[in-house]
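What follows is chain A paired twice: with chain B in the first complex and chain C in the second.
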Partner chain A sequence: MSAIRPAAVLRRPSDVRYRRIEGEAVVLRQSTAEVLVLNEVGAAVLDLADGRRSVEEWIEALADRFETDRETLARDVLEFAAELAAAGLLEPAPGDET
Partner chain B sequence: MSFGGQFLRFPDLFPGRPAGEPWGDRAVTLDVAGGPYLVAGISAVQEAGLRERFGSLCRGAVDAAVLLRVFRAPAGDFREIDTRGWEYTLDLDPSPHGLRVAGLRLMARLDWTAGLSGALWTCEAAGEEWTGACENALRVLAAYRLLDLGGAVIHSAGIAGEEDGYLLLGPSGAGKTTASRLCLDEGATVLSDDLNAVLPGEDGAQMVKLPFTGDLGDRAGAPASTPLRALLRLAKGSEESLRPLSPAAALAGLVAAAPFVNRDPGRREALLDVLERLAAAVPAWELTFPLGARLWSILRSIPATRR
Partner chain C sequence: MSLARLMAAAWERNLPVSVLIELTYRCNLDCFFCYNDLALRGEPLRREQYFQLFQELADLGALHLTLSGGEPLAHPDFLALGTRARELGFAVRVKSNGHALRGELARRLRDEVDPFLIETSLHGATAATHDRQTRVPGSFERLLANLAELRALGLRVKLNSTLTAWNEGEIAGMFALADSLGLPLQVDPEVTPRDDGDRAPLAVAPSREGVMRLFRIQTERGRALGPRDADETLPAPPGKHCGAGSSGLAVDPYGNVYPCVQWRRPVGNLHRQGLREIWLGSAELAEVRDLTVRVRERLEAEGPRAALLNFCPGMAAVSSGGDPLRIYPSAMQRKELLETVLEEEARRPVLPVIP
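Right, the complex of A and B next:
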C-alpha cells in the first residue's frame, strides 16, 4: 500500500458509485461487483474526492466537522486515503504528480 | 480473457442480432415472476423437457410479457470444459441497449429495442443439458425483467411461515441450503434455497418464488409469494447470534446478492434505487447459526417492526 502525500489530488474512478444512508456509505465498484460499507468519515472522504481538492484540503474541511485534534485527523485521513486507493476506490486525478 | 473466450471457440462471431435457425415451431409459456415468459422456436422434445422441468408453471403459447427465442448453434462453436470441481459463472457483456451472455454450450443476448426480449443459441437438443441451458438464460432474463419492474432477483433462501417470510442472503457456500433444511425440519416452507424475487408490495415488500433452486430442489406446496418480514445476512460461526444490520450494511448485502444486474454499469443506479427502498422498508439482521440450531424458532422471534 503506497503512502498518500497531503498535496495529492485524488478522485473516485468512473466505475465507483456510492450511496449515503444514515451517515454511512455503500460503495459499489462496478468492474468487480464489490460492495463495501464505509463509516461516516469514509463517506465524507468519498464526498471530497472530486479530483480538484487536495487531501490537505479534505483534512481542513473535515476538521470543521469532526471533533478530533488535527494531527490525528490528518494521520487517519492519509491512512484511509491510502487504503481506499489500494482498494481501487480512489485514483490520482489527471495532472496530479505528487 | 475477452468476453466469451472461456466458453466459445469463436467469440468474435457472437450473434449480432436475435436471428438464426430455430430448433422447431413449438413454444411454451412459463408463469414465472415478472412474466409470463414465452420460450419459442423449440422442438417437441425440448418443449417436453421444459414441461417436465417447470411443471405447473408451463402452459400453451400465449401473448407473453417477455419473449425468449431459441436457435440452433453448432456444437463446434463451444469449448469442451472439464466441469469437475468447477464453479460455473456466466460471462456477461453489458451495453446500454443489450447484454451478451456466454456459458456452458450457450450464447444468449437480451435486447431492449422494443421492450425486453431474449435470444438463446445452444447446441443442446434435449435432456438436462437443454433445460439447464434454457434455465440459465431464463435466470438472467428474470433478473433484468424484475429490475425493470422495480424488483430484484436475490441470491437467497426464501423461508416462509403461514403469514410472512424471511430472505436469507448469501453467496454459494454461505449456508442457504443448510438453513433451509433446518427450517423445513421445524415446519417452515421454503420457496427456493438459491434464488428468490422481491417486488414492492402495498406494505413493504413481497418475496416471490422462483423455480431456480439449489441442492434442495423444487419445493412443491410453497406459496407463490408472501410478505417479506425480514432480511437476514448469513454469517459463518459456531455460536448462535442475531444482530441488527444498519440500512447501509443491508443495502451492501442486497447489492452483492443481486446476480447479473450488479455487474451491469447501465443498471447500477436502478439497482441501487430498488434495493435502497427495500433496505429501508424491511428490517435486516446478521444471523450466525451452528449446525442443529432451531433456526425457524430464531426467525420467528424477530420482531415484525419496520424502521
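Right, the complex of A and C next:
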C-alpha cells in the first residue's frame, strides 16, 4: 500500500458507484463486482474525492465536521485514502504528480 | 456495518436501493409466455420525466437502476436515458433479450451507459427450442454471436431463463452452454400469468418432473460451489416478508408505480405526482408495506420450512384474484419438491477427507 501525500489530488475511478445510506456509503466497484460498506468518514472522503481538491483540502473540510484533533485527523485521512486507493476506490486525478 | 445488515436496514426503514424501470413494451422478439400486459395503454413518460425520476431516485439513495421492458433498447431514448443514469451515479443493469445488442449499439452501450450488468434471455440449449419460444427464426444463433461480441467488448453478462414445458428437457444442456460461454445462468422455475392476469402463458408451464430435475441440477451445482459466505446467507430481518415497496419498486412505461415488478398493484402515477411524493406519502404504498408484514406473519404460522415456498405476494395476488396472502399451488409444489431434494441431500454419503 503506497503512502498518499497531502498535496495529492485523487478522484473516484469511473467504475465506482456509491450511495449514502444513513450516513454510511454502499460502494460498488463495477469492474470487479465488489461491494463495500464505508463508515461515515469513508463516505465523506468519497464525497470529497472529486479530482479537483487535494487531500489537504479534504482534511480542512473534515476538520469542521469531526471532533478530533487536526494531527490525528490528518493521519487517519491519509491512511484511509491509501487504503481506498489500494482497494481501487481512489486514483490520481489527471495531472496529479504527487 | 456489513452489507447484508445495511440492506436489511433499507428493508426495514424504507430506503429504495433498487429500482426497475420498464421503458417500453415494444419488443423485437415474440415470446409466447411474455408476462407484459401488452394491452395496457397510457401516456408514455417523456425523456424529461425520466430525467426527473432518476434525479429523485438518486436523491432518495437508490443505487441499482434496472432498465427493462419489453425490450428496453427499443425505446428511442434508451441511450440518452442510460447515459443520464450513469451520470447520476447509478449502477445500471439492462434487461434485454440480446437480439439487438451488437455492432455500434453494443459499443455505444458500453461507452455511454457503462452498465454494471446486462441480463439477456436464453430459452433453450438448441436453436429449435430457443427459436420456438421467441417465435423468431435465427434468434438463437444471433444471440450466441451477440454474446460473444458483448464479452469481447468487456461487458458483464448474465443469462436468465424461465423453465417451460418446451425447454425443461434441455436444462442440463443450457447450463453446459452457459458454462462454455463463461456466463452465469439463472433459471426461474415458474411461468407466471401475464400482468393483466391472463393465464395463457401457463399452457407452457413446466412439468413437475421438469421442476424437480431443475432443482436437482441447481443443488448439484450449488454443492460444487461449496458453502456460501455467512454474511451472504444472513436470514431476512424480522418484520417484513420482502422488500417490495420498501427497498425497491418498479415503474411501467406509462408512469404507473408498483411495489415490485411482480406485484402489479399501482401505488401512484408519475404523471400526477413526483416519485418522492409517492415514496413518502402514498397511502397505497403504505398499505403494501403493511401487507408485507402480514405476509411474514402468515408464513411464520406455516412453520420453519415456509421459506421453501419462495412465496411472492404479487404472484399470490394474480393467482387468487387479488389476495396477496393466499398460498398458491405452484408455491406449495415448490416447497414439496424442495423438501424432497433436501431429504435426498441429507441422505447423501459424506465422503471421508483423504489427506
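As a working rule, the second predicted complex is superposed on the first by the 98 of 98 C-alpha atoms of A that agree within 3 Å, B and C clash if a C-alpha of one lies under 4 Å from a C-alpha of the other, contacts with A are read in each partner's own complex, and residues count from 1 in each chain.
In this text, contacts are C-beta pairs under 8 Å (C-beta built on N, C-alpha and C of every residue); 3 or more make two chains touch, one makes a residue touch a chain.
Treat the numbers as computed from the prediction; the structure is a model and nothing was measured.
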Pick one for A:Glu24: touches chain B only (first), chain C only (second), both, or neither.
-> both
So, does A:Val35 touch the first partner chain B, the second partner chain C, both, or neither?
-> both
First (chain B), second (chain C), both or neither touched by A:Arg70 = neither
Hey, what residues of chain A end up touching chain B and chain C alike?
-> 15, 17, 19, 21-22, 24, 26, 28, 30, 33, 35-37
Going by the contact rule at the top, pick out the chain A residues touching chain C in the complex.
-> 14-15, 17-22, 24, 26, 28, 30, 33, 35-37, 39
In the complex, chain C touches chain A at residues 1-3, 6, 9-10, 13, 15, 17, 58, 61-63, 89-91, 114, 116, 156
So in the complex, which bits of chain A are touching chain B?
-> 15, 17, 19, 21-22, 24-26, 28, 30, 33, 35-37
In the complex, go through chain B and note every residue touching chain A.
-> 246-249, 251-253, 255-256, 262-263, 265, 268-269, 272, 276, 279
